[in-house]
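Quick heads-up: structures coming right below.
Look at the two complexes coming up: chain A is in both, with chain B in one and chain C in the other.
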Partner chain A sequence: MTTYTLPKDKLPEFLSALSDYEIWAPVKKGPATLFDRLDDLKDVDLDLENQPVISKKAIFPQNEPLFSYDRKGTVTETDLNAVKNTIVFGIRPCDARSFTLLDPVFEGDVPDPYYRARRSKTALLGIACNDPFVNCFCTSIGGSPFGREGLDLLFIDCGDLFTLEVITETGKEITGKASSLLSPATAESSEQIAQAATDKIKRHIDLTGLPEKLASLFEHPVWKEFASKCIGCGICTYSCPTCYCFDMQDETTLKQGRRVRIWDSCMFPEYTLHASGHNPRATRTERFRNRIYHKFKFNMDNFHSYSCVGCGRCISLCPVNIDLIDYLSRVKETE
Partner chain B sequence: MNNPYLPQVAKIIDVKDEAPGERPIKTFKVVLENGNSLNHRPGQCAIIGILGIGESMISIASSPTRKDCLEFSVMRLGTVTSALHECEPGDTISLRGPYGNGFPLDDWKGKNIVTIGGGIGQAPLRPIVQSILDNRSDFGDLTVIYGARSSHDLCFKDELLALEKDGPASVHLSIDAEEPGWNKFVGFVPNNLLEIKPSPENCIAITCGPVVMIKYVIKNLLELGFTDAQIFTTMENRMKCGIGKCGRCNVGHLYICKDGPVFSYDTLKDLPEF
Partner chain C sequence: MDIQKLRDEAKRALGRKEIEYLIGYKKGSYGFRISPCFIETKEEVDQLTFSPLCSLSLVNYLTIEGKPLLPADEKKSKAKKVALLVRGCDSRALNQIIAEGGISPDQLYVIGIPCSGVIDLKKIEARFPHTPDPVDVVEENGNYIITINDQSHTVPVDELKAETCKTCQYPTPLTCKKLIGDKRAGNPPQYEDIQILEAQPPEEKWQFWQNQFSRCIRCYACRNSCPLCYCDGCILEKLKPQWVKRSVDTNENFMFHITRAFHLAGRCISCGECERVCPVDIPLMKLNRKMEKDVKELFDFEAGLDPEVKPLLNTFAIEDPEDFIL
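For the complex of A and B:
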C-alpha cells in the first residue's frame, strides 16, 4: 500500500489541486457540521462528531428529479451524463462502508441508473476516527475506526500532518493530481493509533445468532414494549447511512412538472397505508419491529449482511433515547 | 442504460363501467403508443398513471394471448384511481412494466385449475382463465369460483355468464347478501368453495381477493385436502417503485413487487406478517 504525508495546513491546496472534481465535504453551518458541496475550500470542518446529516446524499440525494414532463406528456429524462466526477472528502469510515451495503439494493436485478451514475463517478476520501464517539459501535458489526472498506483514500490525523493511505486505483489517480504537496511516508505505521482508537470504543454488542433469534421472536410482546416509547419522528431512519426507502411524488406547475424521488421513512404510517384504509403496519409496534427486522434479519436473508454500520446516530439523535444497542441486547436475552 | 422509472405512453381505446357498486370499477383497454407489446405473463402487473398526479400498480387483467390491447380494471379509491376514472377513450396514460413474477402457467399444464376470486381480485385471475381458454387442450378442467358483495360489484359479469352457459369451464358466481332476481349462491366465497368441493386430485387452486377472504379460502382448501404447494395466491401492499428498491411493499424479507405478487402457500405460510 502506498502511503503519503500531507502537512495539515496544505489541505486547502490539496483540495484546490482537485478542482476538476465537484467536492463534497463536512462544512460548518451554524451549530452543526453538514455534508455539502464545498464552495470555499476554507470551510472544510473535520469535526466528525457533529454530523447529523450524512454524506449519503452526495450519491443518493434527499430530493432527486427523475424526469420532467410537459403538458403534452413529453417526458424528458434527467441528464445523468451531466453528473460530474465527484469527491466526497472527510467521510467517516462507517459512512463509506454504508455505500457497499447500499450497492446491492440499487444494483440488483434492475439497476437504478441515478444511483449508479453518481456512485460510479464518486471517489470517497475518508478520515480515520482517532476519537470515536460515545455511541459508536462499528467494531461490533464488521467495521472499525480505521476501516478502509468502500474508501479510495484514507486520511489519518497524525498531529501536524495527515497520513494518506492509497486504497484503490482511483485513490492513486487523485494523489497523482496533488503529488507536489505529498511526501512519501516513513515506514512508521498507523497501527498504533488505530489500536488506540479501537480501544476507545465504549459500546459493544455480540450479534452472533441475532438473525436466528429474531426469526423466533416476531410475535413476541417485547416489540410492543420497545415501541411504546417511540414517537414515530423518523429521525433514526433519516440519519441512517444505510436506510434507503424513498417515495416518488409529482411536482407540477401549470405548464410543466417533474417526478421527484424523496427519502421516506418506514417509521411513518403513510409509508404502508393502502388506499382502502387497511394498513399492514398500522401501529408503531409493527413499524418499529419492521425497522429492526429489516436491518438485522431481512437484509441478512437477502444480501448476507446487516443493514447497519454501527455509526450510532440513531442512538444519539433519538429524541426519546431509544438505544438500539440496549434493545438488541434485550432481544438476545428474550426467550 | 434502461431506465426503469421512465413511463411509456399508452392510449386508452375503450372505457367500460365494469361494476357500478359502492366502489366503482372501470375497465380500460389501452395500447402502447409506440405499438410495442409488453410481453407480460398472466399475473403480472403494470404501473399506470397520469403525469402530474402519480401512478398505481394495477394487475394486467388480460392474457398475453389476447394481443389487440392490454386491459386494466381499476377500482376508484384515492388520488390516482379517481383521476383514471375521469379518463375517456383517446386520452393517454403513463405505463411502465410489466412487474412481478406472474403465475407459473407452464408448470400447470395438464392439471385441473380452480380460480377463486373476490371483488376486484378477479382481475389478476382473468388472464389465467383467458390463457386456458386460448390453449384449452393444454389444461384439464377449469373451474371459476367468483363472488362479490352485490351483483353491482361483480366484474366481468357478461363474459362469466356466457362462459357458464356454454363455455368449456364451470362457473360459480355468488353475492354476499340476498337480492331480488339472484338465483345463484348467496354467501361468502369461502363458503361457496365448500359447496362446490373441487377435488384436489391433480389440481391447482389460485385465489385472489380481500385478505380475509384469502385466509378463509386457504383454510377451506386445506380442509378439502389441497396441499400447501397446490395453493397459490396474489398479495398486495402499497407500492411506489415496483422494482424492489423503495422498500415499502415487503412481507418479511420478500418484496411483493418483485418477488410476488404471486406466492404459493408453501412460501407464504412461513412469512411473518401474513
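For the complex of A and C:
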C-alpha cells in the first residue's frame, strides 16, 4: 500500500489542488457542524463529533428532483450527466462503510440511475477515528475506527501531519493531483494507533444469533414496552447513515410541477399510510419494531448484512434515551 | 431534593386503587442520560430519580398517540388515573392543555417538584465527553457536583444550565396534588436577547432566520418533544391540502417553523425542550419567546398559569388591541 504524509497546515492547499472536483466535507454552519458542499475551504471543521447531518446526502440527497413538468406537457428529466466528479472528504470509516451497505439496495436487481450517477463519480476520503465517541460500537458490527472499507483514501491524524493511505486507484489519482504537497511516508505502521483507538471503544454488543432471535419475537409484547417512551420523531432515522427509505412526492404550482424523491422515516405515521386511509403500522409499537427488524433482520435476509454501522448517532441524539445497544441486548435476553 | 420523599410519595400514589401507573424519570442507559419510565407497582418505585439532568417533559406522554401501557378498553381507562411528575414548566403545560380541553384533570394525579433548572445535555456532554457510565449530579450552592466513576467535579451552575431555565419565571409547579420539596422563587421576565433581534432591520432578521432554517432536516424532534404540540393530525401531516411540502429546503422549513410558532402563540410555556433536542442547533426559543413577549405586552396574558382561564386565542374582548392588524 502506498502511504504519504501531508503537513496538517497544508490541508487547505491539498483541497484546493482538487478544484476539479465538487468537494463535500464537515462544514461549520453557525453553531453546528454539518456535512455539506464546501464552498469556502476555511469552513472545513475536522474537530468534529459525529455530525447529525451526514455524508449520505452527498450521494443520496434528502430531496432529489426526478423530473419536472409544465402545463404545456413538457417533461424535463433531471440531467444525470451534469453530476460532477465529487470528493466526499472528512468522513469517518463507519460512514464510508455505510455506502457499501447502501450499494446492494440501490444497485441490485433494478439499479437506481440517480444513486449510480453520484456514487460512480464520488471518491470517499475518510479520517480514521483516533478518539471514538461515547456511543460508537462499530467494532461490534464488523467495522473498526481505522476501517478501510468503502474508502479511496484514509487520513490518519498523527499530530502535526496526516498519514495518507492510498486504498484504491481513485485514491491514487487524487493523490497524483496534489503530489507536490505529499511526501512518501516511512514504513511506520499505524497499527499501534489503530489498536489504541479500538481499545477506547467502551460499548460492545454480541449480535450472534440476533436475526434468528428476532424471527421468533415478532408478536412479543416486549415491542410495546420498548416503544412506550418513543415520542415518534425521526431524529434516529434521519441521522442514520444506513437508513435509505424515501417517499415520492409530486410538488405542483399552478403552472408547473416536479416529482421529487425525499427521505422518509419509518417513525412517522405517514410512512405507511395507504390512500384508503388504512395504516398497516398504525401505532408507535409497530413503527419502532419495524426500525429494529429492518436493520437487524430484513436487511440480513435480503442483503446478508445488518443495516447498521455502529456510529451511535441514533443513541446520542434520541431525546428520550432509546439506546439501540441496550435494546438489542434486551432483545437477546427476551424469551 | 430528597429522592426518598419522591419515592415515598410515588408509593403512596401507586397504593391508591384508581392509579393505573406513574410516569417519572429513571437513570438512563449511559452517561448523563435520563429516561422516562412508566411504573405500575410499588416494587418498581426505587428506580425513580430526579436531578438537574431530567429535561424531557413527561406531559408529552399524556397526549401521545396510543398512550403507553393504558388498557385498550376506553371505559376502563376512563375510570383510572395516571400519576405524573411535573416541574414548574410541565405544570404550566398541563394547565394550558386542561384549559384547551386536551386532558381531563380527573384522569390525573399530579406530583409536583420545584425545579432549579435543568442541565443542557449538549453543554455537559461537550464538557465531559466519553462518559459511558451513569453519572450522578446534584446542585449545591450555585455549583453542580458531578460524580463520574467515584470522582467528583464541581462546575458553576451558570456554565451548564439550560439557557431557558436561567430566565424561568415559574420553577414551582402551580397546580398539583402533592408538592415535594420547598417552593422556589422565579426570576423576573427577561427579554434582552429578543429586544436585540427586534431592533434589527427586516433584511437582517430575514437573513438570520434563513441561515437558521436552512439547517433544519425536518426530523420533527422539536415538535414531538413539545408538550403543547399534541394535535391529533398535525397540519404537517395533512395531505389534502398539503400545507407544507415534504421537500426539505429553506422555504418549506420556514413554513414549518413559522406555522409551529404561530400555533404556539399564547400556548408555549417556555420549557425550551424544542431547542435542546434540535440536532442542528436552531435557536427556536428566540421565536417562541418573541411570541411570548408579544402576547404578554399586547394581551397581558401568560400561558398555563390557571387551568380555569380560557386560552388566549379562543377569547375575544372588545378592548383587545388591533393596531398590529394590517
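Basically, the second predicted complex is superposed on the first by the 334 of 335 C-alpha atoms of A that agree within 3 Å, B and C clash if a C-alpha of one lies under 4 Å from a C-alpha of the other, contacts with A are read in each partner's own complex, and residues count from 1 in each chain.
Here is the rule we go by: a contact is a pair of C-beta atoms (placed from the backbone, for glycine too) under 8 Å apart; a residue touches a chain by one contact, two chains touch by 3 or more.
Remember, it's a predicted structure, so these values are computed and weren't measured experimentally.
K.L.:
Do chain B and chain C fit side by side on chain A after the overlay, or clash?
P.N.:
Pair status: fit.
K.L.:
Could you say whether A:Q249 touches chain B, chain C, both of them, or neither, answering first, second, both or neither?
P.N.:
A:Q249 sits against chain B and chain C alike.
K.L.:
On the A-aligned overlay, A:T283 touches which partner chain: chain B = first, chain C = second, or both, or neither?
P.N.:
In the superposition, A:T283 contacts chain C only.
K.L.:
Put chain A at the vertex: what angle do the Cα centres of chain B and chain C make there, to the nearest 10 degrees?
P.N.:
90
K.L.:
Between chain B (first) and chain C (second), which, if any, makes contact with A:E335: first, second, both or neither?
P.N.:
It touches nothing on chain B or chain C.
K.L.:
A:N135 contacts which: chain B (first), chain C (second), both, neither?
P.N.:
A:N135 sits against chain C, while chain B stays out of touch.
K.L.:
Applying the document's definition of touch, where does A:E169 land relative to chain B and chain C: first, second, both, or neither?
P.N.:
neither
K.L.:
State whether A:G257 touches chain B only (first), chain C only (second), both chains, or neither.
P.N.:
It touches chain B, and chain C stays clear.
K.L.:
Of the two partner chains, chain B (first) and chain C (second), which one does A:D39 touch, if any: first, second, both, or neither?
P.N.:
neither
K.L.:
Determine, under the contact definition given at the top, whether A:E191 touches first (chain B), second (chain C), both, or neither.
P.N.:
So A:E191 meets neither chain B nor chain C here.
K.L.:
Applying the document's definition of touch, where does A:G73 land relative to chain B and chain C: first, second, both, or neither?
P.N.:
Once the two structures are laid over each other on A, A:G73 reaches chain B alone.
K.L.:
Please provide the least distance in Å between a C-alpha atom of chain B and a C-alpha atom of chain C in the combined superposition.
P.N.:
7
K.L.:
Does any part of chain A touch chain B in one structure and chain C in the other, and if so which residues?
P.N.:
After superposing on chain A, chain A residues 247, 249 contact both chain B and chain C.
K.L.:
In the complex of these two chains, what residues of chain A are touching chain B?
P.N.:
Result: residues 66-67, 69, 73, 75, 77, 105-106, 108-113, 116, 218-219, 244-250, 252, 257, 259, 261, 264, 266, 271-276, 278, 280, 286, 290, 293-294, 297-299, 301-302 of chain A touch chain B.
K.L.:
If you look only at chain C, which of its residues touch chain A in the complex?
P.N.:
28-31, 33-38, 56, 60-61, 64-66, 68-69, 125, 129-132, 211-212, 214-215, 217-221, 223-225, 237, 239, 245-249, 273, 277, 279-281
K.L.:
Please output the residues of chain B touching chain A within their complex, sorted ascending.
P.N.:
So the residues of chain B in touch with chain A come to 1-7, 9, 51-55, 77-78, 81, 92, 94, 211, 236-238, 240-241, 243-248, 250-253, 258, 272-273.
K.L.:
Which residues, counting only chain A, touch chain C once they are in their complex?
P.N.:
29-32, 34, 49, 52-53, 62-63, 131, 133-135, 200, 202-203, 224, 228-229, 231-235, 238-239, 247, 249, 251, 260, 262-263, 265, 268-270, 283-285, 315, 317, 319-321, 323, 325-326
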